[in-house]
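Have a look at these structures, which come just after this line.
Presented sequentially are two complexes of chain A, the first with chain B as partner and the second with chain C.
Then we have the complex of A and B:
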């Protein structure tokens, strides 16, 4: 069978046995469970500090009723971060390139924020559909536009993560193929492409972390509007 | 594009949620901090540094 550049994104299988479970469990192994000791070690402390710092940063603009979401958002961030970072290693599979996983995370989370808002403060949540200070003539059109933008949010959330990671992995594969193919015939050009590849890898490292953060940040933003 | 193949969609979705709920959240919950979250106080507390036990 002919392999295309997209074949790196097929869900991995060995003889019919799906390996996606391994790809999803490995990132959890990167983050250790703390034991119950009062005095732990340096790494555990760093982990605890990172989690506390991140949670504090994320939850500070949200009201007190929204603090129940802190475990949801923090663990989501850790999961996406670890999955994205591990996917940058060669020959690993990144589950966040799968549209199914990202949409499956984005749609329920977004829906939960919207339903929380509609349940606890329906007037205020519906009031978000009309920005303050709009001229009276524009009201109906603006409500329609805001409703459409509300419904596009989960799609954008899921597809943003998928597309960023897919594009990054694809670019890495393309430039590395180019480097390899050019090596026998034009070695100088091959070295230049290798430099591009190195820069791209650094970019992908940043993108991996940033995209995880953006996902969670936007969710917290939607939460902020609705609590 | 293999991401659009709907065959493993449910498997990936359900396994992702299950890992998230059953594995990751308990891990993050086990990071108990020692103090309650308080507002910042202006005084600087002097503590003596102690030697960390190596893991």
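Then we have the complex of A and C:
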């Protein structure tokens, strides 16, 4: 079998059960669901504080009718955050490196925002295709361009997440392989390990990736529901 | 301590003797609801022992994450040995250009 650097992204299986199932269920184990006490433990406190902060930040520009989206957006954010962070641990599998999964998240969400806008305020959402103040001659061209940009959105959402995570993991594997094979020749080793460490800290920006994802999702919802 | 013999069905796993293990396993119910109840019991007991305490530390989640890493390693084992073999055969030129997609 041709062994390339992309082999790390194949979903390993044991007895027919792919690791992706465990990797998708793992984030749910980190969050405590029900606590009958008034004062919970430290972990729950931290998590609840973060979730509240994030939800308030996310939902503040949206109008009241859009608040129904708060639970799905927050849970999406938490899921992607945990999946990406858990993928940074050694030997783990990151489901969001699979384009299929990210498109499966991006396309339905985007389509829901578009259909919501078209159903509730069709004139306003069609009006978004033409920015204000354009010269009359440019109108046909601009509508075509805006329609194309509207349809590119789910593709961009899915591919952005996939490409960022895949590139990060690949870079880490590349630099660590280089470090390992250059081990006999000492002087370059220390510099390369420093590069690996730097790369790992840059990869913590996977966290920022999620912010980008949900913020873009938010942006499209925002445009639809707020005129 | 052992004043009255407890039926095998009701003993907990740490109290089961090694020879009784197969018969003890036979008394457990492996129906879906039984399995979910068992998983729930394990989850709740871990939660209450390590996380749901007044001054929980990092040990609670650190153990979970380490266990996750170990399980991932086991799941990945043959894939990893294949990669190690490829790295050992040709040390410097162990890679080819990726010509297949993701």
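Assume the second predicted complex is superposed on the first by the 181 of 227 C-alpha atoms of A that agree within 3 Å, B and C clash if a C-alpha of one lies under 4 Å from a C-alpha of the other, contacts with A are read in each partner's own complex, and residues count from 1 in each chain.
Note that in this section contacts are C-beta pairs under 8 Å (C-beta built on N, C-alpha and C of every residue); 3 or more make two chains touch, one makes a residue touch a chain.
All of these numbers come straight from a predicted model, not from anything done at the bench.
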{"item": "Touching partner for A:30 - first (chain B), second (chain C), both, neither", "value": "second"}
{"item": "Partner chain(s) touched by A:22 [first = chain B, second = chain C, both, neither]", "value": "second"}
{"item": "First, second, both or neither for A:181, with chain B first and chain C second", "value": "second"}
{"item": "Chain B versus chain C as contact partner of A:89, first or second or both or neither", "value": "second"}
{"item": "Touched partner set for A:51, first chain B, second chain C, both or neither", "value": "first"}
{"item": "Partner chain(s) touched by A:162 [first = chain B, second = chain C, both, neither]", "value": "both"}
{"item": "Partner chain in contact with A:137 - chain B first, chain C second, else both or neither", "value": "neither"}
{"item": "Contacts of A:148 with chain B and chain C, given as first, second, both or neither", "value": "neither"}
{"item": "Set of chain A residues, in rising order, touched by both chain B and chain C", "value": "6-7, 9-10, 32, 35, 41-43, 97-99, 162, 166"}
{"item": "Chain A-facing residues of chain C, complex", "value": "43, 47, 51-56, 60-61, 64-65, 68-69, 71-76, 79-80, 82-83, 86-87, 91-92, 94-100, 102"}
{"item": "Parts of chain A lying in touch with chain C, wherever the complex brings them together", "value": "1-10, 12, 14, 19, 22-23, 26, 29-30, 32, 35, 40-43, 86, 89-93, 97-99, 162, 166, 177, 180-181"}
{"item": "Residues of chain B touching chain A in the complex", "value": "1-5, 8-13, 15-17, 19-20, 23-34, 37, 52-55"}
{"item": "Residues of chain A defined as touching chain B within the complex", "value": "6-7, 9-11, 18, 20-21, 24-25, 28, 31-35, 38-39, 41-43, 47-48, 51-52, 56, 71-72, 74-76, 78-79, 95, 97-101, 104-105, 162, 166"}
